[in-house]
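Paired with chain B in one complex and with chain C in the other, chain A is shared by the two complexes that follow.
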Partner chain A sequence: MAAVPQLQRQFIEYTTSLYNEGYLDDQFTQLQKLQDESNPDFVVEVVSLFFEDSEKLLNNLATALQQNIVDYKQVDSHVHQFKGSSSSIGAQRVTSVCVLFRNCCEEKNLDGCLRCLQQLKHEYINVRSKLEALFRLEQQILQAGGSIPMME
Partner chain B sequence: MEDDNAEDMEVEVLSSMWPEDIDAAGKKFNVEKPGGDQDLLEDVTFIEEPTIVDFKRLLELTNYSEKGSSQLSYLVKNWEWKQENAVRLLREELENLSKQQHESELKKLEILEEHQFEDEIYGCDKRPVSILDGVDDIFQDVPKRRNDVIIQDERLEIDDECDINTVKYWKQRALHLEKMLEASVQREQILLEKLEESIENLEKQSSPVEELSQILKRADNFLHFVLQNAPVVIGHQDKELRYRFIYNHFPSLREEDIIGKTDVEIFKGGGVKESQDFKREVLEKGVPGKREITFETELFGAKTFLIYVEPVFSKAGEAIGVNYMGMEITDQVKRREKMAKLREEIAVQKARETELNKTIHITEETMRAKQMLATMSHEIRSPLSGVVSMAEILSTTKLDKDQKQLLSVMLSSGDLVLQLINDILDLSKVESGVMKLEATKFRPREVIKHVLQTAAASLKKKLILEGNIADDVPIEVIGDVLRIRQILTNLISNAVKFTHEGKVKINLYCTADPCPERSNILLNEHEKNEAQSQETVVWIRCDVQDTGIGIPETALPSLFKKYMQAGADTARKYGGTGLGLAICKQLVELMGGRLTVSSKEHQGSTFTFVLPHKVPDLSESSDETDEYQDMDDNESMEDDKTCGFFQFSPRTLGSLFSSNGSRQTHELPRNVHGFDKVDRSSIITDQANTDHDDQDRPFHNPCIQKNRPSDMGLTRDLMRVNSGKTSGSIFSNTLERSKSTERRKVLLVEDHVVNVMVAKRMMKQLNQDMDVVNNGVEALRAVQRGDYGLILMDVCMPVMDGLQATRLIRSYERTGNWDEARLAGVELDDHPSADQILEPRRRIPIIAMTANAMSESAEECFANGMDSFITKPVTLQNLKKCLEQYLPLNNTV
Partner chain C sequence: MGVIASPLHVLAVDDSNLDRKLIERLLKTFSYHVTAVDSGSKALEFLGLQDVEKFPEVEVNLIITDYCMPGMTGFELLRKVKESTSLKDIPVVIMSSENVPARINRCLEEGAEEFFLKPVRLADVGKLKPYLSKNNRKTAEEEECVLNDKSIATHDEVDTFAKEERQVLPEGQSC
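Now for the complex of A and B:
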């Protein structure tokens, strides 16, 4: 119980670090703002949807790039989707890798694409673990009876 | 016997000696012409030639030259061998003969012995010679057995018969012996004769010259056989390069014309000297050589010869002349030259190809660079427009004077950059052929007026802006109003830029095909419905005239080129990118028109463009006009609609603008086709400076223009009227608005779950109802069924993208049916009621949601009929603004 302020401080610090390190951008704040009493789990829902979608997309990308003849158009469209969803939740780093990825696609640079995919996976896993940690922290605060501090 | 022998040997000798002795042999046969002449078909009895060749020279040669001597020695050896053989044979013969002689002598001796014996007998007797003769007849009867074998017997007989008939017998015997002797003598005689004959023969063959000449003759025959038809010339020239021998199968000159003469003495023309020099060179250097020489002589025309010249040395090693061999290779040279030429051509071709490839490569690179520039520009533009929009919003808040000043600088700088980027984008669009033209109805008068208003709003000089529209210009025409406005704005701003005092004028009039019905239509607005539905094309000419600095004649040709300005001074003094006019020209040409300029320095310039426009079927627009009239109840409408003259002075002069007497402030937007309605609203309702600063912003970027703050009631009213006009009357709408109860639904067309979720949540927060569909086809179905106040359209979607969907929706709005959509393969419900009930069909604002990629560029969005775009990720702020602007009944405002 007494841990609530500490948890809250921790939460704020952690969130701030996520912004500072570029994992997240303002779009995430937007999401947080959209969450209210009527939709208490909005952020988690959206982000889970994002995770689900991302894993599907990463699988699709991996498959597409393994083909003998790579259909760059298809790859590009996957990346485009990834870019859209990641920017929607504010996963900034993922988004920027997507931009690089699309450039590689345009150049039909398979090596580049594979590298980007690797990077994309990496960034995705990073942001996922960060966000999961954040959500756990949130859970803890809520369980401890505290409220989630608003950023800004 | 001897002859046969000799012949055999000769053949053998010749075949083996030929290669070695060819020079020596050649010398003897050659009739040299520096260029053989095949054209003269004179067939020479060649065999005669060698006889002409002087043996003296041959001897000389054989004596002096090494080769000659070796050949000679060979010949001599050969001759000696033959002689030896002959001698041996003769000796044998002689031996034979002497043997015979010996035998015959022995015989003779024998006979003589016998004679002696007889003599003895005769001695006994008298020798009656006469008797002997006389008893011939007697003796004839007797001899029956006169054989050598019998002789002995006879002798015996003689002995026996001696007694009996001695005289007669001896007589007979003597006669017989005499005869034998005679025969022997005769034989001896014959043998002697034969011997003599042999000796004579021997003497006859003893001349080596004859022998040699025979051999040579054979060699000659051989040569002749081989060289009969060969196009070669073989010759020998002495130290002074005088011909000593020459062989030429097709001689054109007689021997005496050649022998003893040099090339130069024989021929005249190109190549002769060269060949002579070459021969001399060989002679001097003592090294054989080959050379190709092209002769150009009167004697046999142009011919190329490959000549081989070889020095001939004396035994002392001194060069005494040259052997010369020439072959005519004119055809080969020709062929070779042709080949060389071909090869050269191929090389040139290849070089050209490489060059071309390089050019293509460069072009591709250039295109890429351009594309990149365009992409970058676009990427820059999106955030920049955000900055500018925000600045605009900021400018409406309470600011002190300094802040306002700073903000205005910020805005104008932002505008400049935006303009530049737009220019670059436009240019690359037009150049790459991506630019699509839209055909929308618009009113030229309004366009002119707006452009002038816009220009006037930002005018900082004491200039008068005037617009003159001739009566024959249709009220409404169809064309790409965005582009036309762009051109006009560009030309006007250009004119204003370079004019320091006086006027800038736009004259608009029809040129080629003026519509004669125009005045009637003007008079009978209401009858238009029934009147006509023709779609004629009018050519409208537009002059943009200024009284500015003008353009020097020298600068005119490069005026429309990219990044070119009239002069370096101009650029420094007036700034600008030099893209504007290039874009104008390209746009005008894209629309099928022409842009020209005429100018006088210090007096002003006139830019003129002529464009074809369709005149629309007027029935549809009249409805709307009616509506406006109902709604506005504004008597100035008619005036304004046909008004042909506008004049604006800069706001610094006091009034915003004045028209020909009518109350401009009451003017209301009539353009239901959307693009400029907001502009107009804001102009009318808001005469604040800040707002006018916006006016010269690129009009085709609605994002900037439309994100203008519009919290003034009237503006909202107007917007409401424009976009929110439904089946109900204006009045009811107004009522609804005041209560703020009814909200039109928003349709979100988006395939991505996360985006959908976020957008949904945002809408919820904004208290806005929203339907969601996942692709363009679904969007069409939704539009067909439902009634939406606004569509948010993702651009990239599966099945059907946002651009196509928008196009099809616009087509529906225009035509009232979904034929085009069905044509595109979209299955739609047969929903006749939906097709017909909503008439006239409103134009639903469609906002694109783009991710800032080139492929979904704003231009493309507009070209496909979208009204604006918001960039992804969508923020609450953006969404809110968008709703405020396009769906003004929203509660949250």
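Now for the complex of A and C:
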């Protein structure tokens, strides 16, 4: 098993890269600040809600865009929700795709919407695997008896 | 012997479960007691149940509500609260993910104390302190007069109002 300092260094490097590459923004840091001894799993709980919401919304979007007559207000409403939850956890790339997606809805551009949906799925899957990797790293540190470094 | 003051009570309204969890946590870091509901109609229901015979005194010191919600919007909720003799003095704060100046002004003109852009942060919640100060809390005497007033909107009134509200918004304007 890797030593705690090594794991902590890995954690810091990984987190930093997530911010630098735009996967996460400052809102994620805000979530971490809300985690403490009396709310030790706050970040994981909130992110889990994001995963649940996202998967439901991706299904809803696929269905809505498959209709013979697409209801763009309905599509936009789903994207609006997605944008809300992604920005609430700081999933910056996901939020950016939602903004583009809403433009396509306004233009009633079906091809644009379908492309955005693919992009959205892609970004969501990426950020989900990155966050899961981050949480795994945290668990390794805690199990090795160490503490999670605070990111500024 | 002194009276033990109950913690300040905030009613949070948001249709997103993620945002409800967030706002609840933010408010609790300031030691406020929080009730979170997922719609404007549930909020009105909760506020309407200020029946001293049925429930122990449930005082709401501040309402913080999302703007975009299916059914009753946060603006409609704000309006209902400000129109109610018994509820109008409760400070209301609106949250929204959209930065629309016309929307912000409308809410402030209708009596909202603050308009927060989402995602809401600790610094925003810190701004709520003046609205939740002891001076704003009613005395027991005032409470009694207020509780006897039955001018809280009924469900039918809310439905009619919602239709009016939709007609006022220009075509195509979404949240």
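In this section, the second predicted complex is superposed on the first by the 150 of 152 C-alpha atoms of A that agree within 3 Å, B and C clash if a C-alpha of one lies under 4 Å from a C-alpha of the other, contacts with A are read in each partner's own complex, and residues count from 1 in each chain.
The working rule: contacts are C-beta pairs under 8 Å (C-beta built on N, C-alpha and C of every residue); 3 or more make two chains touch, one makes a residue touch a chain.
In this text, all values refer to a predicted model and were calculated from it rather than measured experimentally.
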item	value
Partner chain in contact with A:89 - chain B first, chain C second, else both or neither	both
Touched partner set for A:30, first chain B, second chain C, both or neither	both
Touched partner set for A:73, first chain B, second chain C, both or neither	second
Doubly contacted chain A residues - partners chain C and chain B	27, 30-31, 33-34, 39, 42, 45-46, 49-50, 53, 77, 80-81, 83-85, 87-90
Of chain B, residues touching chain A in the complex	751-755, 757-758, 761-762, 764-765, 796, 851, 853, 872-876
Chain B-touching residues of chain A, taken from the complex the two chains share	26-27, 30-31, 33-34, 36, 39, 42, 45-46, 49-50, 53, 77, 80-81, 83-85, 87-90, 102
Residues of chain A defined as touching chain C within the complex	27, 30-31, 33-34, 39, 42, 45-46, 49-50, 53, 73, 76-77, 80-81, 83-85, 87-90
Footprint of chain A on chain C - complex, ascending	16-19, 21-22, 25-26, 29, 68, 97, 118-119, 121-122, 174-175
